[in-house]
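Can you read through this structure? Questions will come right after.
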Amino acid sequence: MLEQRAASFTRRSIKTQSKADGLRLALSMVDLTTLEGADSPEKVRSLCRKAIRPYEGDLDRPVPSVAAVCVYPNLVPVAKEVLDGTGVHVASVATGFPSGQYPLSVRLRDAAQAVEAGADEIDMVINRGAFLAGRDEEVSDEIKEVRSAVHPAHLKIILETGELGNYDAIRRASDMAIEAAASVGPIRDGEVFIKTSTGKIAPAATMPAVLVMLEAIRDHYFATGVRIGMKPAGGIKKAKAALHQLVMVKETLGDDWLNPKLFRFGASSLTNDLLRQLVRMERKRYMAAHDFSEA
Amino acid sequence: MNDANPTASASTASMWEYAPAPERTPLEIDDRYGLFINGEFRSPNSRRWFESLNPATGEVLSKVANANQQDVDDAVSAARQALPSWSRLSGQERAKYLFRIARRIQERARELSVLETMDGGKPIKESRDIDIPLAARHFFYHAGWADKLQWAFAGATPRPVGVCGQIIPWNFPLLMAAWKIAPALACGNTCVLKPAETTSLTALRLAEIFQEAGLPPGVVNIVTGAGKTGQLLAAHEDIDKLAFTGSTEVGKKIAEVAAVGDRRLTLELGGKSPHIIFADAALDQAVEGVVNGIWFNQGHVCCAGSRLLVEESIQDEMIRRLKHRLGSLRVGDPLDKNTDIGAINNPEQLDKIKGYVEAGQAEGAVLHEVTTQSLPKKGLWFRPCFLTGVQPSHVIARDEIFGPVLAMMTFRTPEEAIKRANNSPYGLAAGVWTDKGARIFEMAKRLQAGVIWCNTYNQFDAASPFGGVKESGFGREGGRHGLRAYVRI
Amino acid sequence: MPQRVDVAKTWKLFIGGQFVRSESGQSFPIEHRRHGTTLNLCRGSRKDLRDAVEAAHSASEKWASASGYLRGQIIYRMAEMLESRRSEMSEALAAVGTSTPKKRLDEVDAAIDRLVGFAGWADKIEQILGGQNPVPGPYYNITVPEPSGVVGVLPPDRPALLASISMLAAPLCAGNTIVMLAPEGHPLPVALLAEIIATSDVPDGVINIMTGKREELMWHLADHREVDAVSAANLDDETLTELRQRAAESLKRVHHDSVTAAGWSKHESRCSPWNIEPFVEMKTMWHPSAC
């Protein structure tokens, strides 16, 4: 039933105005990401410009900026320099990304340094080794320590769903992450996210996996009135897939979550496909890949 | 506990709504449709026609022939004449006709889906994703049986039964036609099909497909009309086998009428199927099962899970989740691809549903529905809903409502759940949700029903036998077991 | 020597494991075809029938859920008991006019063998009639036969024993409980059968046997809403039609067979699973398959 329900969202038909609105909304939710060993300051600067002004052409309605740029800690100062004051956040992966296989002290210092360097948001990875071994308390304690260490930066907790084995485990990890973060102190909207994946492991943000996490967020809201954010990352490359995700969010959590404050896409190539569809709708013709700057 | 409903709460965030997404495939519908007898469409002897309406708009789609005694006689005699050569045709050859019909249904799927939705009121997403593909699947599945019947019945040699009279309801018009016709033809029988009065159009398109497939004249004949035509067919002396799908009330009358002579009979009748949720179930999935169980096809489903039995400790949780989920169901234009709940098939049915919900409230039950969405002005509509505070003795807990109305009750022990579930003259289907494997099997064994959905609901397939026990009828349709009704051994 | 006076008994009804006289307080005579004497049997009434159906209904759940292995052993025990009373049964057949000793013994032997045959079916029916269905999608889908419940059995007059045993054992082995109306013309072998069953480990109420007038009983059987199926053979058209019409109100399953006298002796065809199949309901179970 979970997979059936997840598939049902992909059969919603999003047309005309609602498609145009959805594409813009999705664009405003993108965490434009580059996490390569070969990332250079120049690449990051170019990405930041793309983030602020995703499309250089003329449209009747200007396209929104994306939500954030997500880079490795070393490159946070570069991104901060370009993005400061633009409204686009600087996000950084930390805590021994992507594996999390480092001593806790190293991971904590990693996160704290990224914040000191100017990161507004920290994407942390949970210790899957401990989780899969059943050492839930250890995982939970680490999340608490990271949340304290990065405060007041926002925290996104990566579960790496593709490594957890099944939906029950994804649900358990979601609940645990939310509980741990909540135990540190009150959560305002957008201060804590749960996130599917690092983008290094497939399968990543599949519809059913995201649905399980949305249900955990919904149930936490039912129980406490606190809104946790959601960030699917990895594998969402096409505008259509992004719209499916928005439909799922709308019908599972409601309109409050259709907001970059509470919902993000971890993506890179998605940005240009969103633009491509958006421009096609307004110009009434199909655009070429080279009509858009690199993302 | 926070009682706020996230989808309902006010928000400063942008409201993102789905724009209308109507299915626009153009469709040609003739002004009138004759009877399909002996391979041809012809005007009825009765010279009478009746209107087929679109329940979502009230507009007349077409006029359909109203068959009288003479017409039924003609159809039965065409089927009788076609019988010897069709039943003697090798199974291999019969199979090829059925395969071809399956292909043509697939190839004309869009047109059939749109017509089904316009004629019956069901959401296009259901006719597109369920009714029409499953109809094709039934022909495809049964095609393969035609030359394998000697392996289907241990130690017995199956022979065709003869001329089959088949009377079908309005809730799954083309699909029911396929359920009836495909196994009958595979087994070497010939048919006279009587579609429901309000939904004849797709069956008549199917007749066109038979023509395209070169099916020999008389092998399938279609007589349209109201209950009276059905009665004439049921009582016809030259029918060897009668298959009826519809209400238990009419089914009993049919059984009486058909009692004459050595006539075979199968009945697929009403239900009040229990849907049992234990506290250890995967609740979100169970909620989806409940939604699919009662709000699929406007609840016009004989096996709808219309009696929800919830373990007492999770009742509040279930109510909240169901209400939340109700909020995302979209009622309206059946041709809109985002519609979840379409139009109620006919005015009498709408009155009946309304009457039951009022009766339920009068008996003390509490109605839960989500009214934020407005209903279209014209057409026949009913909001999906559920009622709590229902007692097993209440009329809404006992009668088949055949609408999007769910009666919720509680239980404390498995024993009590079984007792409540089985306390009904019906026995079509039952649903059970629990994460405990051993309990699944025990429940499945002790629930009195022909189909048990465990940790799922409303799943159908041509390979899976469907049919009820007790007053939900007898005989199975689908699978190897469904062939039994169409052979003598 | 004064001639000894026979101690004549009136044959009783067998209901809920007890031998009871009819609530009607009536009996009916039949003539012993060989001796010319008169035998009396209880004339079961509507209320006796009601009691029999209730007994069968109460026994139903336990018998249905008993293992096929156990049901098979009990039916085999019936065969053992009948074998040990072979000559007595032969005598009962003589009383109802079965002509020669050989014919009588042949019928008794065939009846014993028929019981043995159905005893063996009790733990195999699911394997032959059930199965797994290859549905698309991640589902496990199986169909299993389950007993219909209470089956009313209306055997023909001839061959009184073999037809009755065949029609009794088929639904019985599948887990149904039985209310049998002994053949009105030739009731004695079935009345004796009740005594044999009573000593065969058959749980009380699983088999109930009534003697009496068909006309007074069968319509109540057809009407009774707790009777789930009726098995009849060689009825005339008019009776069959009325039976079906009356069964319609509760949607009872009616199974009717036309069998020649010789037909009953054909073990292979009379003991096929297709004689059992009319008294089972196919239950199909779906379960998703997933980690």
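Each chain gets a letter, A, B and C, in the order it is written, and its residues are counted from 1.
Quick note on the criterion: contacts are C-beta pairs under 8 Å (C-beta built on N, C-alpha and C of every residue); 3 or more make two chains touch, one makes a residue touch a chain.
All values reported here derive from a predicted model rather than from experimental measurement.
If the chains shown are joined wherever they touch, the resulting network links each chain directly to all the rest. Between the chain pairs B-C and A-C, more C-beta pairs are in contact across B-C. Centroids built from CA atoms put chain B at 43 Å from chain A. Rounded to whole angstrom units, the spacing between the C-alpha centres of chain B and chain C is 37.
We define each chain's centre as the mean of its Cα atoms; on that basis chain A and chain C are separated by 71 Å. Under the contact definition stated at the top, the residues of chain C that touch 2 or more other chains are 288. For chain A, residues touching at least two other chains, in rising order: 1. Shown for chain B are the residues that touch two or more other chains, namely 455-456.
Put simply, chain A touches chain C in their complex at residues 1, 3, 165-166. Across the interface of their complex, chain A is touched by residues 1-2, 4-9, 11, 13-21, 125, 129, 282, 284-286, 288-289, 292, 320, 324, 328, 337-338, 455-456 of chain B. Interface residues of chain B facing chain C in the complex, by the touch rule stated above, are 153-156, 248, 251-253, 255-256, 258-261, 267, 269, 440, 444-445, 449-456, 459, 461, 463-467, 469-471, 473-474, 476, 479-481, 484, 489.
Put simply, chain C touches chain A in their complex at residues 288, 290-291. Interface residues of chain C facing chain B in the complex, by the touch rule stated above, are 65, 128-129, 131, 133-137, 139, 141, 143, 146, 148, 228, 237, 241-245, 247-251, 253, 272-274, 277, 281-288.
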